[in-house]
Amino acid sequence: MSGNSFGALFRMTTWGESHGPALGVVIDGCPPGIPLSSEDIQKELDRRRPGVATVSSPRQERDRVEILSGVFEGKTTGTPISLLVRNEDVDSRAYEEWREIFRPGHADFTYQMKYGTRDHRGGGRASARETVGRVAAGAVAKKILARENLKITNHTLELGGIRAQRIEEEEIERNPFRCPDREAAAAMEKRVQEVKEQGDSVGGIIEIRVQGCPAGLGEPVFDKLEADLAKGLMSIGAVRGVEIGAGFNAARMTGAECNDPMSATGFEKNDAGGILGGISTGSDIVLRVAVKPIPSIRLEQNTVNHSFQQVSIQIKGRHDVSAIPRINAVCEAMVAVVLADHLLRQKATSSYILPR
Amino acid sequence: MSGNSFGALFRMTTWGESHGPALGVVIDGCPPGIPLSSEDIQKELDRRRPGVATVSSPRQERDRVEILSGVFEGKTTGTPISLLVRNEDVDSRAYEEWREIFRPGHADFTYQMKYGTRDHRGGGRASARETVGRVAAGAVAKKILARENLKITNHTLELGGIRAQRIEEEEIERNPFRCPDREAAAAMEKRVQEVKEQGDSVGGIIEIRVQGCPAGLGEPVFDKLEADLAKGLMSIGAVRGVEIGAGFNAARMTGAECNDPMSATGFEKNDAGGILGGISTGSDIVLRVAVKPIPSIRLEQNTVNHSFQQVSIQIKGRHDVSAIPRINAVCEAMVAVVLADHLLRQKATSSYILPR
Amino acid sequence: MSGNSFGALFRMTTWGESHGPALGVVIDGCPPGIPLSSEDIQKELDRRRPGVATVSSPRQERDRVEILSGVFEGKTTGTPISLLVRNEDVDSRAYEEWREIFRPGHADFTYQMKYGTRDHRGGGRASARETVGRVAAGAVAKKILARENLKITNHTLELGGIRAQRIEEEEIERNPFRCPDREAAAAMEKRVQEVKEQGDSVGGIIEIRVQGCPAGLGEPVFDKLEADLAKGLMSIGAVRGVEIGAGFNAARMTGAECNDPMSATGFEKNDAGGILGGISTGSDIVLRVAVKPIPSIRLEQNTVNHSFQQVSIQIKGRHDVSAIPRINAVCEAMVAVVLADHLLRQKATSSYILPR
Amino acid sequence: MSGNSFGALFRMTTWGESHGPALGVVIDGCPPGIPLSSEDIQKELDRRRPGVATVSSPRQERDRVEILSGVFEGKTTGTPISLLVRNEDVDSRAYEEWREIFRPGHADFTYQMKYGTRDHRGGGRASARETVGRVAAGAVAKKILARENLKITNHTLELGGIRAQRIEEEEIERNPFRCPDREAAAAMEKRVQEVKEQGDSVGGIIEIRVQGCPAGLGEPVFDKLEADLAKGLMSIGAVRGVEIGAGFNAARMTGAECNDPMSATGFEKNDAGGILGGISTGSDIVLRVAVKPIPSIRLEQNTVNHSFQQVSIQIKGRHDVSAIPRINAVCEAMVAVVLADHLLRQKATSSYILPR
């Protein structure tokens, strides 16, 4: 009810602050009998760690995960899985100057308004470090999806105004931005370097695809599959827009253009993005999310302090230039959790596709 | 859990099929002592009724609402409010031919895959008539919002590829499309007429604004205000994308451009769209949704029947050319329910007095 | 959240006041493909109707149920089932004198304290008429249970201080109290007649049994099967205590006496009442509930009005002498809903095949 | 949904197994600004630790709690509070012999049936050690209650068949059984010693009282205050029955005896146990729970192994003779969580007693 849990049957509850002793997640509803090791989770956590010097922050967290419950002799037991990651590279001194200042583009002002207090160190609960718990839970969700042959991929469609012109899958892992277009990747690198020198930051657009999703997942009316996906993705701090299939372009199509005809072999195209009436069609699920630029920049900005006096600030801490590509792993995790949840829900509520 | 309820503290549960005996909604969690009459609700229902010949369908439903519980001597009592609307203008014969055919762009195929059965008449539960319950609940939510001086407005930014070039509020009610630009409205009318003659349909983009929202609404981490709004809006059948504030444009801005500076008098601009870190800032909340074209078109389309044999179809029933402007009232209703819910949640979870 | 819904996957939401236009329930989460007619529901509603002159009230409600949604061509579709019962024999004049008086043993005082207002007519939402919705939902739950061969029975162990000394199943339907002991039933009849003449009322104890429940239902830790059953039963207005298996007697046993030994053919006795560690064992589930006497009595009582002035009252309306046997049907309904819910939950959360 | 969370607005999620690395709880929904230290929690944890040689087990856990999140500079922030207790005195060798045997009166059989696997060491998740998380959450709940002047007390009414004949509050802390009657306490001591020597165990009845509860807490219809209390208490492993106010005795009273008359100064007696129609009256809330004997006994018992072959066993590990008095602290914790939850719910849903 206070917003720190997500999912109905496969349910994660995250906790922890950027500069507190630790971060973690409790996963309730994971079925028994699934092989699970800390390596399975560590592998996903490593994907969201800073690594690429040009884009990412120099805060070095090893993010070692510890499984505290729910796994017995290498397999899940059906009881809650508690995962713990200690904060290690914590240096809160740099944040002392922000104790009573609302940094632009951050949640400082709104947390203060809502709670009348806040842990100002590193953004506290509003820090992107909170996503450690999401990615850990996503790793568990992916184990469930793998069992049913669902696979999630992501790539960066746009970064700092530069857009990929083609999708070549083998390129994605070859550049630090996860860009599927080699030339666009080169231009992105140049753009990021430039912005970094200016002390500014950039946003972009990423695309997520789900392959192998069976038809029948999703609950009408309010828990449509795209509605839960939109909520999950919009709950990531930097995300400002979500679209499915043709998305905002659908607004410019006619019905004849937008409808996906069917033939005996299935859908002839996929402008629906794999979901009709809130339920998966069996085609790939295709989503795009808009990511805003990192709000912490070195450039001078105007803002106010707790007394609402104007101050001019420069943020010199350890910060990424773009949330991309680290946020890609977080988006994947949220999609994984939504799909694992709806797989379990489908088992409970339908007697057709997945017979007991 | 099966997706027919929405909201945590202010919670609506809708029920009913397009061609069943009735549609309705149960609202649980409405505070006591709020004046409420069937006229309050009827007024909102009338806003989603077909009316404009060029855009809307000739199915004529009076949609008379009956309050069955939760109101005593003109005021809410704190107990559940049950609202009923009988289906009157039901003619299911036209749907007999679709009993075993999956209409493109509809939920026919996916409901059949999920449930192994479906009420094929008028789309059954997946029909836009389901939104009668949402709009009725939105009417009650608006009574709560009005008490706190929140106000929701909407206009059509784009229809059939034609975009409003200016926002003149007084224009909105002067044309059938709720377009805030007189010239664009004229072009929209021409476009809609043209498409109608072709037997096709169009989509568009609408913008929703919330004025008077206090700072402090929204729950981190997963129930961020924009996350709940995105879910609510994406749960409307025709919506394919949602963005907040600068939205997808934020992906092309730098941090210096995107951050909203503050001065002693408040935020100097509002690219955040009134929400930071998932919590309202006190500025206007600004959302845009992409609406796909109505899938029921007169033009010939290829699809399959229940035996997966290819068939060619033409849909000649009573159908709108665009979900806009009827869907605008539904979007408003969803936003109203989300805000009423978070107002109540804020009362429960915060001990700090909300500043206005 | 406001307490008018019950169940996680099989979820009912009841609404309606004693003297409002109607009462009803929305059931969300019923699987598709289950044959369901209004007769199925009517049959159960008839079991809670007043009928036995000596025990029950002369208010004559036919309680005709109308299925408004969720059923298509005689079978459930997986969408919400809305059930409506109009209040017909409503005469609110008798309640005018209680508009500003708190009747002892009723919820008048507490509703006024909680909400600052209340529908005083017939107890409004706190009336036992609210259980119409529960019994209707229980009828649907029983259709699910029947498919899995679960069966619920009930009998009256004690009424007005008279206790059944033996359990003879064939006696239960032969007397108006559902007493399984012919001699005790005769004594109960005498006792009820006596109390009725005095203008007083009596309570009793009823026992509910579930036969055919497979092992494996129930969720540790907080949603133990007996915990959800206790909540469901305690949520019935007149219930003041619930026990499972040996119940309060277990407090006086030693471990050697209380533990149920197992042999190759199963449990050798059933003091656990069919549940261990919150999960069903496969033995019969055995529950007992304490029912307080009807608070509306003709005898003079002291109480206060809204101004907290003392008044002396006599309640002369149409009232039962005991909630038994009508409440038995309500208890059965609650047990049915809890079991249907946990059957669906078990499908979702376990990958192990339930042995029978 | 999988039953490891409890509470709606003040919500705890417990995790951990008896012989796993740690146990803990995440509390979501605690309001900001409440002073909270690990000492506050430790104090309550110490109340459930084994201590009294005659009744309790020699497993010595220090149960040191660590606050991992949600507290900043000594006060809660409104974000989730994660509490961790490491298991230290773990010796799993003794449990190796039970790996494939279902101990009578334990959850061994039902967990195996439900999940097809289980952590057999010390009962795994079904161990009473799970209540560490409950008691820790209860400590936080009590801080909220204290702010509103609510106070919870408990005493042992009955142990091993010996019943307290009088309630002398000052006696409760003077004997190891929390018995309010000095002579009964002496008889209990004798009884416990005797049973211990026999290698058997005993149960009892405890009474919980809540003082200072305002009128107006509780939600009709299904979330009646006594319904949530019954669920919370019944979810404790050893509890087999719950009653409120006159409880099972109410079944033997007439309406005239059972109803609590009111005068200008309030209720004249309290057979309702402080709750009418599911909502608190302002009188003390009075509950009693039946506690079964500890199932782990040294006496020989018949049971079966995983192959359903009969075996005869003697359980020689470290076990309490009675769950009383350690379970008393757990009962108090559950009552505290229910009340804290309903205090927050009342703030959200009512406009009367607790104005914004």
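By letter and in written order, the chains are A, B, C and D; residue numbering begins at 1 in each of them.
Note that a residue touches a chain if its C-beta (ideal position, glycine included) is under 8 Å from a C-beta of that chain, and two chains touch if they have at least 3 such contacts.
Everything quoted here is computed from the prediction, not taken from an experiment.
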Chain whose Cα centroid lies at the greatest distance from that of chain A: C
Selected interface, A-D versus A-C, where C-beta contact pairs are more numerous: A-D
Euclidean distance of C-alpha centroids - chain C vs chain D, Å: 26
Centre-to-centre distance between chain D and chain A (centres being mean Cα positions), rounded to whole Å: 39
Rounded Å distance, chain A centre to chain C centre (Cα mean): 46
Shared interface positions of chain A, touching two or more other chains: 1-5, 8-9, 14, 29, 32-33, 78-79, 114-116, 125, 220, 345, 348-352
Complex contacts: residues of chain A adjacent to chain D: 1-5, 8-9, 11, 13-17, 20-24, 26, 28-29, 32-33, 66-70, 72, 75, 77-82, 84, 114-119, 124-125
Chain C contact footprint on chain A (complex, rising order): 1, 9, 29, 31-33, 78-79, 220, 344-345, 347-352, 356
For the chain B and chain A complex, residues of the former touching the latter: 1-6, 8-9, 14, 102, 104-107, 109-111, 113-117, 125-126, 130, 158, 160-161, 195, 198, 200-205, 215-224, 226-235, 237, 240-264, 268, 272-273, 275-282, 290-297, 299, 301-304, 308-310, 345-346, 348-352, 354-355
